[in-house]
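For reference, chains read A, B, C and D in written order, and residue numbers begin at 1 within each chain.
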Amino acid sequence: MIDFVEGTLSYLDSEYIVIETGGIGYRLFCPNPYQFVRYEGNKTKLFTHHHVREDAILLYGFATRDERDLFRKLLDVSGIGPKGGLAILAAATPEQLVMAVQQENVTYLTKFPGIGKKTAQRIILDLKDKLVGYTPSAILTVAAGDLTAGEQAVSALNEALDALTALGYSDGELQKIRNTLSEKSKEGDGVEKLIKQGLALLMRG
Amino acid sequence: MIDFVEGTLSYLDSEYIVIETGGIGYRLFCPNPYQFVRYEGNKTKLFTHHHVREDAILLYGFATRDERDLFRKLLDVSGIGPKGGLAILAAATPEQLVMAVQQENVTYLTKFPGIGKKTAQRIILDLKDKLVGYTPSAILTVAAGDLTAGEQAVSALNEALDALTALGYSDGELQKIRNTLSEKSKEGDGVEKLIKQGLALLMRG
Amino acid sequence: MIDFVEGTLSYLDSEYIVIETGGIGYRLFCPNPYQFVRYEGNKTKLFTHHHVREDAILLYGFATRDERDLFRKLLDVSGIGPKGGLAILAAATPEQLVMAVQQENVTYLTKFPGIGKKTAQRIILDLKDKLVGYTPSAILTVAAGDLTAGEQAVSALNEALDALTALGYSDGELQKIRNTLSEKSKEGDGVEKLIKQGLALLMRG
Amino acid sequence: MIDFVEGTLSYLDSEYIVIETGGIGYRLFCPNPYQFVRYEGNKTKLFTHHHVREDAILLYGFATRDERDLFRKLLDVSGIGPKGGLAILAAATPEQLVMAVQQENVTYLTKFPGIGKKTAQRIILDLKDKLVGYTPSAILTVAAGDLTAGEQAVSALNEALDALTALGYSDGELQKIRNTLSEKSKEGDGVEKLIKQGLALLMRG
């Protein structure tokens, strides 16, 4: 439910930081709390993973959406819990981790605390496909204006197909309407319009 | 617990949007997030379904109360979960969905992703009665002033009977006091007064 | 966790009202939502029972702490859930309900929707002792200044003994220190001081 | 998730207090609510333990982080629940409790309500190691400036080793890099830098 917390960093110790907003101090467990020591007493914003169990409601905080999304991907690997995920992201940057997975570097991955050979292999097996073409958005957030018209059309088309996939349409169903949507995107239609046209095409199916 | 979230739309992707208020970014899964792209960086208000499971607390966001209430009705149909409900409401307007159910249009309903013939029939079976006389309040919110005195009396009477039904009184019990309340409503008594009179009559029962 | 919600009453229907504060609309199920119709668009404050289940987090709202506390007492009676509690408090004022229990008026209690003879008897059995000397604080909140010195001493003594009971000390343990505390209260010691003295006496025990 | 609540103390009774912030009244169960009576109507800040069960979400409030952390340590002792923890912290200051555990004073501990000999022994068994060198930070928060350079280096080194332990590195792994980090800390490197160097050393491992 909670995607980020923005407020005053009011406390920090070896496992978590506390951000205050509206009179409430929110506790955020972080890979390396001390990376935020320079914000103590000042305003800061962390992206959160809202973790709910029968006996706890916890927030895990990250400096970027990419780092938070990588943490979520690590949690999907069986054998890795929040503590393991934090330890990995404390010891490696998103880029180092993605590279180790793409290069299937088991030795590197077993250097993380609590990660044996089996779990390292499972990280590679589970995440390799999910990280294909994964380039942290720090590189990606090329100002839209810098893209050529063609690149903008492709990006809009991909975002629209992502949205339709998220709604549950299969690759097969989307394959049937891809060409039509591609034409529309080249005519300059934005993501919202492409999605509406896609849904209409699929409903006529 | 949370009925709506109002604040600045600060992030949007293929599955959800994030609305910030009071320093907290609330993540709302929506049928079609890109429908809100024009509000990015601006104030917006979505009506929410607050979904609680053992391992998650999630918010689903909708542009209108009707759409949110239809989503809740879809969740009551066995075999339809939040993802299915979002996919249906992404592809059809509330009016289209209500019409398909009232006309028992199985073919149309099976065009939604993940909805086979059986689930389509179950949607019709479970929702047909609940949607009788269902007119999205966009049409209904006729300014009270436009209703004739008689129509106002009927509307107040129905609202009062709704409230008493919600408290658990059976149709049979309400039938006994309906005429008396109907007289009172014609004399111009408002909903609050009708409910009090109804409770008093029922307690004398 | 949430004891009350104060903000603008922004929506009302037959089962609940919505109070907005800080951009969040909180949904409160109430005995009779229409009793608040005159606050629509204005500021209001309801005392809440924060109800948590595996699949839901709900707020029940009441005009006074007494009504909310009576609701909690009704929930302790086996066979009465939130819906039953709301229906009872919609049809009877706290005073009427307390009187019916103290007078063991089964006939009156069975007039509530869903309350048969057995549940009515169980309400009397479970609540009679808990409601002894129960006078809704509307009568009780006599300005402290109006109490004689003796009455203030007794009230402070009782509040201190309540607090020590809440901490888990048995009646037997409290009986041993009652006289000493009573003397202290006559000397004008306030509740906080009496509790500290009581704890010290008990630790010496 | 909630580390503290800061706002206006708006209600107090024998078991809990209510702090209002942003229109929401937060209910905090406390060891001795009346210790806060002088803040009634004024601003106050309590450190909270956010307790989540299948059927409840509760906040327990404490005047200091130490008291809250001692409460958490007591909850780890089997046989002691929140009510027992509150009763102990109502009757003893953190210093008295720590001393009783360090001196293995079973007789003193059995004076707390609901604590028999067995539970008293278990408190000693479970907490003795955890409280070694435990000095409530009221004494500890010596202004950093008052520490000699050597003491600052040791404190930074310990905080860094704490953080690495929290990430899951074993004592054995930390032992290998301790000397190198110790040298760095004498050269004046702060906690954040020591942690980064430690992680780098461990990844080279």
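As a convention for this text, a residue touches a chain if its C-beta (ideal position, glycine included) is under 8 Å from a C-beta of that chain, and two chains touch if they have at least 3 such contacts.
A quick map from chain label to UniProt name: A, B, C, D = Holliday junction branch migration complex subunit RuvA.
Worth saying up front: this structure is predicted, and the values here are computed from it rather than measured.
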**Shared interface partners, meaning chains that touch subunit A and subunit D** = none
**Asked** Taking shared residue numbers divided by all residue numbers at the interface, is the value for subunit A and subunit B over half (same) or under half (different)?
**Response** different
**Request:** Averaged over CA atoms, how far is the centre of subunit B from the centre of subunit C? Could you give it in whole Å?
**Result:** 33
**Asked** Roughly how many whole angstrom separate the Cα centroids of subunit A and subunit C?
**Response** 46
**Two or more partner chains touched - positions in subunit D** = 22, 53-54, 57
**Fill in**
Pairwise, the chains that touch are A-B, A-D, B-C, C-D
**Prompt:** Okay, in this complex, where on subunit D does subunit C touch?
**Reply:** 11, 14-15, 18, 20, 22-27, 31-35, 37, 53-59, 83-84, 86-87, 90-92, 108, 111, 113-114
**Asked** In their shared complex, at which residues does subunit A touch subunit B?
**Response** 1-7, 21-22, 48, 50, 52-54, 57, 159-160, 162-163, 165-170, 173, 190-192, 195-196, 199, 202-203, 205
